[in-house]
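In structure tokens below, several structures.
Same chain, two partners: chain A is paired with chain B first, then with chain C.
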Partner chain A sequence: MNEPDYQIPRNGLAWLLAAMFGALLPHMLRLPVWVTLICLLCGVWKLMVYRGRWHGPNRPIRALLVFGGGAAVFAHYGTLAGPDAGSALLILGFCFKLIESRTRRDAFIVVILGYFVVAVSFFFDQSILLTLYLALVCVMVTAALLGLNQSVLHTRPRRTLRISLRIMGYSLPMMLVLFVLVPRIGPIWSLDLGQNRAKTGLSETISAGDIAQLSQSSELAFRVEFDPGSKVPPASERYWRALVLDNYDGHRWTRGLDLDQREQVDWQNNGNRWLTPPLSGSPTPLSRYDYQVMMEPTDQPWLFGLAWARSDTRGVGATRDFRLLLDKPVARPFRYRVSSTIGYTLDAAGLPAWLHRANLQLPDTDPLTRDLAQRLRRDSSSAADYVHRVLRYFNQQDFSYTLRPPLLSGDRVDQFLFESRRGFCSHYAGAFVFLMRAVGLPARIVAGYQGGELNPLGGYLLVHQFDAHAWVEVWLPQQGWVRFDPTAWVSPERVEQGLEQAMAQEGSFLEDSPLSPLRYRGSAWITQLRLSWDYLNYGWYRVMLGYDAKAQRELLSRLFDRVDLKLLATLLLSTIAALLLGLSWWIFRQSGLRSRPDPLLKLYRKLCRRLARKGLQPEVGEAPASFVRRAAESLPDQAVALQRIARQFELCLYAPSANERDPQLQRLRVQLRRLAL
Partner chain B sequence: MPAGFSPLAGLRRRWRHWSDAWLRKRLPRTRATTLNQRRIFILPTLHGLYFLVMTLALFIGGINYGNGLILLVALFLVSLFMSSILLTYANLAGLRLSRGSNQPGFVGQQVAFGLLLESEREHESIAIGAPGVAGVKLDLIEQRRQQQPLLLDAKQRGRLQLPRLKIESRYPLGLLRAWSWLELDSRALVYPKPIAEPYPQRLESGSGRGQRLSHEGSDDFDGLRPYQGGDNPRQIAWKNYARDGRLHSKRFAGYQQQARWLEWEAYSGMGVEARLSRLCHWVIQYHQQGLRFGLRLPGAEVAPGQGDLHLQRCLSLLALYGLSPEPATALAEDSVADLSAVAAEGRG
Partner chain C sequence: MSLEKLEPQSVADDQQLLHQALAEIETVVLGKSRQIRLAMACLIGQGHLLIEDLPGMGKTTLAQALARVLGFEFNRIQFTSDLLPADVVGASIFNAKEHQFEFQPGPVFTQLLLADEINRATPKAQSALLEAMEERQVTVDGQSRELPEPFFVIATQNPQHQLGTFALPESQLDRFLMRIELGYPDRTAERALLSGRNPRRRLEQLRCCLPLPRLQRLQQQAESLHLSDPLLDYIQRLVEFSRCSDDCDYGLSPRGALALVQAAKAWALIEQRDYVVPEDVQAVLPSVAEHRLRGDYDCTGHKGVSLTRLLLDSVEVLE
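What follows is the complex of A and B.
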């Protein structure tokens, strides 16, 4: 296998370099610059080695490269494991292998690594565009593999490309069949992707600026598809809960109670059935929404849902504060089913002491706010009345909604309520909860997303990062937890029409991303284009990501009564066999390979069998004609006919024709038929 | 290394013996064959196994991370492997192999066996080799019909049978290896190795111009005769043709030389091969000097003559001296006995 004088064919090398560059390109945007530089250097080096200008790396340099590369990756990431460091290592190895590759085996390993690098790209991005691009790279890698196996004389890369495209074309139908029919099984062992990547999204703490920063991002947070029978909630009801913040330290809101601990959560069948008691009443406008949420990775376990939400998707649990939680961080696009019922009274029977206490926590700050709270409470007749007085206070004083609030310090709530009066949803929610707790009403901040854009093409909602929002839940006697959104009392547009309308005057909507198509929602065709593109992406995600064991079963149960492993195996094998048969027919269609025996030989054998009955057999090495002549001598009554046949045999033999209907052959046939033996 | 008993070597020998017998039975010696499913064997290469291992790794990765696209890449590679089975097979299938013209050679030189390849489809990167044959790699792309010389070292005088050829291809992706064995009924003559040694004077008969005997010489112009098919074009009298439009050949007179005889007895006291080698040398020498000579061996002789055909006749006689006459067709059964006979005689 190791030919000593083997040189990678020129053609193969050209494609290998092209494939290497193509496969690395998506990683270059993600990896540190020095990795990219090393990769480019390796490519140039290989080219120069091939052209005979430079030498390939000798042993010490190779060792230096390998250890140096490993050390550099470790220094950069602090680890050698995990997708980031792992892919950096893989890519460096790929490049180093390329420069030192001399034997066919080396080149083959580079090709194999090329396929691997392509596959690894899908860890980080699974969009349509990337998939199309990587399909192209796959063509190049396959062309490189083909080039390695072509003869050295081949110097036409175009032909190599054409053949590799053809081979891939042969393989695609089989791939699709496999994709649909290969039984989907769950993870064989559980793995966690690294969580050190910075992802846009909600964080566990909210200080004044966080959500304002988030609102500058036009990234998609999640999509919601409502079931056919379910209606879409109006904009003012679209409060997607994700987090509950109940602890204030005078500066920022954080999660005081940790209700996400495994044993606290109501997983689907671990017996934490405490969720049933806090629910009560058959709510008057009992409306139920059934939908599926398809979320982008957040590296956090929090899921989104309208209150009050339950999910039957595997691995999803419900917490004591009525949120949904996944049993591991969402590291890849994730899809789950939710059914939300609006109108239940939550915790109507009263709060447990620990929960009550936690929702009254306040630091010893902001005396002016406390005074205001006492004053308003004294004037109001009931708790509910107090809440409305506070809301009216926000509405009537000259508060304004802005993405560019001034910086606060010291007694921040006091400063906000009495001096700046300019703020964002988290300012209002924070101040509101402070005012509630100051008079002994349990209250908490809920962070999540509010609103969403309906895509008319697919009838689903698009929720972006700039829809991030914070609002308040207050616990009132008899009514349980009630949602209030103080921002809506300051800027009703924010809730009814979204952030863009609320920021119309200020012009600060997505001001940091001038190229985002979302900025141009005024233009009908850009919006149309954007929504169509999203619909395409959405379909792609549904097919590629949503096709799991369950979807497979659903698809097949439409066609077959019983779907089990046996059916899958039978289907799989028979379809693949049919495809291979079709493919072999296609490959051999214009060749005369169908092993049809020579028509002349067939006639001769037949004659031999007839003569054998007369006791005549061809001798070893006897030519057909001479055998027939010998037969003529020993069968005098057929001598003339046999002589003629012998002549005809010679005629056919020396003017051969593969055509069954050749006139000379036909004449021989007739003569043989007339022969009376 | 002392030649001790090694069970492994024994096993290997037995395996080779058994597989040889099996192959002979399955693929008998033939003059021409078309490679088809009966003749083509196919198995994954080591590279193919690596490829499958990588594919399995990607598959497990795709499942474990629940990543549909990585799964898709793995399934694509599986499909690539499967269609590669068909394509590797197709690269050999339909290839028609037959014997072409062989070039004889002397012992110690190389004999060229002609192998004729034809097909209706494209075939690429086909390796042909056999023990003792320098391997070749060829493409049938633009030319669908090609004669490929196979060089084989000539070690023994006599008829040299082309060894069993292995026709192999890993095209297109190198993941699988398809191969076929071909026992082609193709033989080439191997002449004795010429060894220069003075011819004993006592047997050398006279030289110089003999009497003019023949009209078929090339020495002196002797008149014209009407052109006949097969005449040397150089001897056509073009001037006459220009004059009267009819083709004539010039006739030359040759001087019949006194024929010399190369005698077996000239090197009495030497072994068979030694005598043949020396006679071979003189056959070539006389031919190059354009002399008329005859060759006399015990029980066989070539009458005095001249020219290429005569040379070949003499060399063939030397090559086949003492060997059994060439068997006719139907070689499948007797081929081995035949070959061993050739070998035994040659060694003697």
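What follows is the complex of A and C.
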């Protein structure tokens, strides 16, 4: 390489390195450590090349870097496609391009890649903080772009940053227009984004006794916003159903019936009657709740809803066991509308045989429990009475609610009911269903979330991962499916006031996450701060992320009768045109302000035009007064007036009495008007 | 002495005396009213003056007349090719009686120095004047000595193309506020000269009509003259043109631009105006700019005249 290497100007390089580091920061937690190390090394290398200490990479090294980087990514992820491997590849490419950039064009490519790396961050997170941060990084990348275009002599990075900020400020209106008006077309290809980020508090299996310590997460599961006019259900009614577990193998509860298969789900409300569960009873209108759920990605298709929920959101279906389901895993924040009616009697007329059978399945274990069940059943007058005897049994014996239960083995239900008697919701729900099924009552475990914190700022509910809960539904003749929560009979606080109150004595609430602000609910201002912050996020979610095709249509239909693609395109183009026109007008005026035609100059030009008709032209470099005096010599009849005008011009232009200029100017105007040519 | 304290009467008196002085000089240097005014403007603008012309055109007469009319203490050095710096600034001479060196000040220690035929001396002798002209002090034997106040240099030089001349370096040319040429007298003036008395006698009879304090007041007055924004724009356009034009090898320096302002103010004062107009700038521009501008392959510096003309003819007074 004998050709002289292009050196990125100092300012450009400084900002490029800063932007590179800034753009990498959000990726660092996700990416393997070696990628981060290579990137930092590349940054240092470029700096050393700039300082003339090291050489840029020669051809073999470049080849090695490119192929080695690709191979390493492949070795780490097992693929080169997909968002994680792809972003790792992109970031490596960005860094390699930086060190090998030898021409100006290369440098521009690095800047464009920088923007790209910034944009890729949004695949993984769209929170308000990250957005603000990435906007800052964008400013830095823009500063780098500016730096590339500045001369090498510009050595004040702060000034470049200021210009960059101004440019970003100018682009804000355009950004808003594009945001509001660009048609929201569904993704052309879908990215599988969530394989390693499922962090739900729910799982498809419940096994009491395997877990000695239930880990809790303070992360948000979903938010519920109730429609105006719909009231918020009391805490004891907030049972958000997500999963039904109906198969017990003596060890764990799993989903026995797979009711989630496409053909078994009622995707349309008016769809398959066979699948629509029979409803009966006449619930009061007061027990109807209309709300929207905004859930965080779970990478599962399960949705959350109160009992007997229906949704008219596209892609949401209802299953035979009254749950809501999305037609694909929830890979990004998802929002759906639900209307729930509490008070319907479900399946009152009787269960289909297959369902009946499935909800009576029991392994041949736990003889003590079976004995207890038979004993209680003999004493009770009816099925409902039996259920209440079991609940009272939980209540009266010395059961206690704990998040640190002892481990169980063998006949787990026996062990739990007669020996340890300490457990959390899964233990109680599991034992309860076992007791029901032992006497021939169809029953199942429902997993979901219970409770939720009301944010007074927005009037919406916050449901966290630690609100995950398991309870029971028992099918009673004539009453259909009835919800029972055995945990509530052991620890009423858990249901009425939430996990925190229930765990007040044990002190195990969120003990894994000492930094979570939720731990400090005792402090009023921390709570206030946390709820305000959540409200901000909620607004961000609603306004920015929730602005989809539907929201766009709703917004525009307030102004226009028919909203279609043509209207959108017209609006978009005309608004951009208007913006650009406005901007150019502004720039035009701005520059015009600096050299606004002087009134005196205008008068002089006018006089020149009048004298030109007499064949008198000012020479280049001739002072106005000289020209007018020259004119006076060749126009003897106006000589006196012209002499006076010449003097007046001189006074106005050059005399020190600048503050008296207006009267002087006025006098000149009068003299010019009187001049008869 | 500040101008504010002066009586209006006295300011008007100064003006009167100034024109009286100009008229006095005109009786000696005939028909050169414009050059005399320029020379006076140069002194009012507190700058050094370079007079360039053929021998016998009245350069020395003009310089002497100025010195007499202003009543200055006056020294003259005839520059020759064997002139040494010590001949200009003075030297330390051993005093055998007192056994120590004594500084014998050279002719430069005076209020007005007439450096006659400055370009006949070698560059070494020429540069002896450099420090004196700009900093108004000379350094001999490592000791700086102040020159009297005021200190003016009026230098004369023969055109470059004459034999036995050493061109003044640009750095030294730039130190002269103005360079003027006298030119042949017109017919009537020459007739008057030929028919009149011996000019040398007339020179001796010149009165001092503008004593030093008066001149200093005029200088202050000139400095405080109003320079409006449009005029500053014009001056800047002139300077920029000289710097950007392809014809100029290099343009006017900031010192040159400052000289232009000083000279224009002094000219406006002589024109009895309390503000400067473009005509003032145009009047002094040739004498201020000609020796500072240089074209391509212009070793004698005589392209400055046409370049100045170009400047005047190309730059608009009002934008």
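To be clear about the criterion, the second predicted complex is superposed on the first by the 556 of 677 C-alpha atoms of A that agree within 3 Å, B and C clash if a C-alpha of one lies under 4 Å from a C-alpha of the other, contacts with A are read in each partner's own complex, and residues count from 1 in each chain.
Following the convention adopted for this analysis, a residue touches a chain if its C-beta (ideal position, glycine included) is under 8 Å from a C-beta of that chain, and two chains touch if they have at least 3 such contacts.
No experiment lies behind these values; they were computed from the predicted model shown.
Q: Given the touch rule stated above, what does A:544 touch, chain B (first), chain C (second), both, or neither?
A: In the superposed model, A:544 contacts chain B only, not chain C.
Q: Which partner, chain B or chain C, is in contact with more residues of chain A?
A: Between chain B and chain C, the winner on chain A residue contacts is B.
Q: Please work out whether A:653 is in contact with chain B alone, chain C alone, both, or neither, and reply first, second, both or neither.
A: The second partner, chain C, only.
Q: With both complexes overlaid on chain A, does A:407 touch chain B (first), chain C (second), both or neither?
A: A:407 sits against neither chain B nor chain C.
Q: After the superposition on A, what does A:601 contact: first (chain B), second (chain C), both or neither?
A: A:601 sits against chain C, while chain B stays out of touch.
Q: After lining up the shared chain so the two structures overlap, which partner does A:620 touch, if you call chain B first and chain C second: first, second, both or neither?
A: A:620: touches chain B and chain C.
Q: On chain A, what residues does chain B touch that chain C touches as well?
A: Shared contact residues on chain A: 595, 620-621.
Q: Going by the contact rule set out above, which residues of chain A touch chain C in the complex?
A: Result: residues 595, 598, 601, 604, 619-626, 650, 653-656, 658 of chain A touch chain C.
Q: Tell me, which parts of chain A touch chain B in their complex?
A: 1, 104-105, 108-109, 112, 115-116, 118-119, 122-123, 126, 131, 138, 142, 145-146, 148-151, 153-154, 163-164, 167-168, 170-172, 174-175, 178-179, 182, 184-191, 193, 332, 544-545, 547-548, 576, 580, 583-584, 587-588, 590-593, 595, 620-621
Q: Once bound in the complex, which stretches of chain C touch chain A?
A: It is residues 226, 228, 230-231, 274-279, 282, 311-319 of chain C that touch chain A.
Q: Spell out the residues on chain B that touch chain A in their complex, using ranges where they run on.
A: 34, 36, 46-47, 50-51, 54, 58, 60-80, 82-84, 86-87, 90, 93-94, 119-121, 124-125, 137-139, 170-174, 327-330
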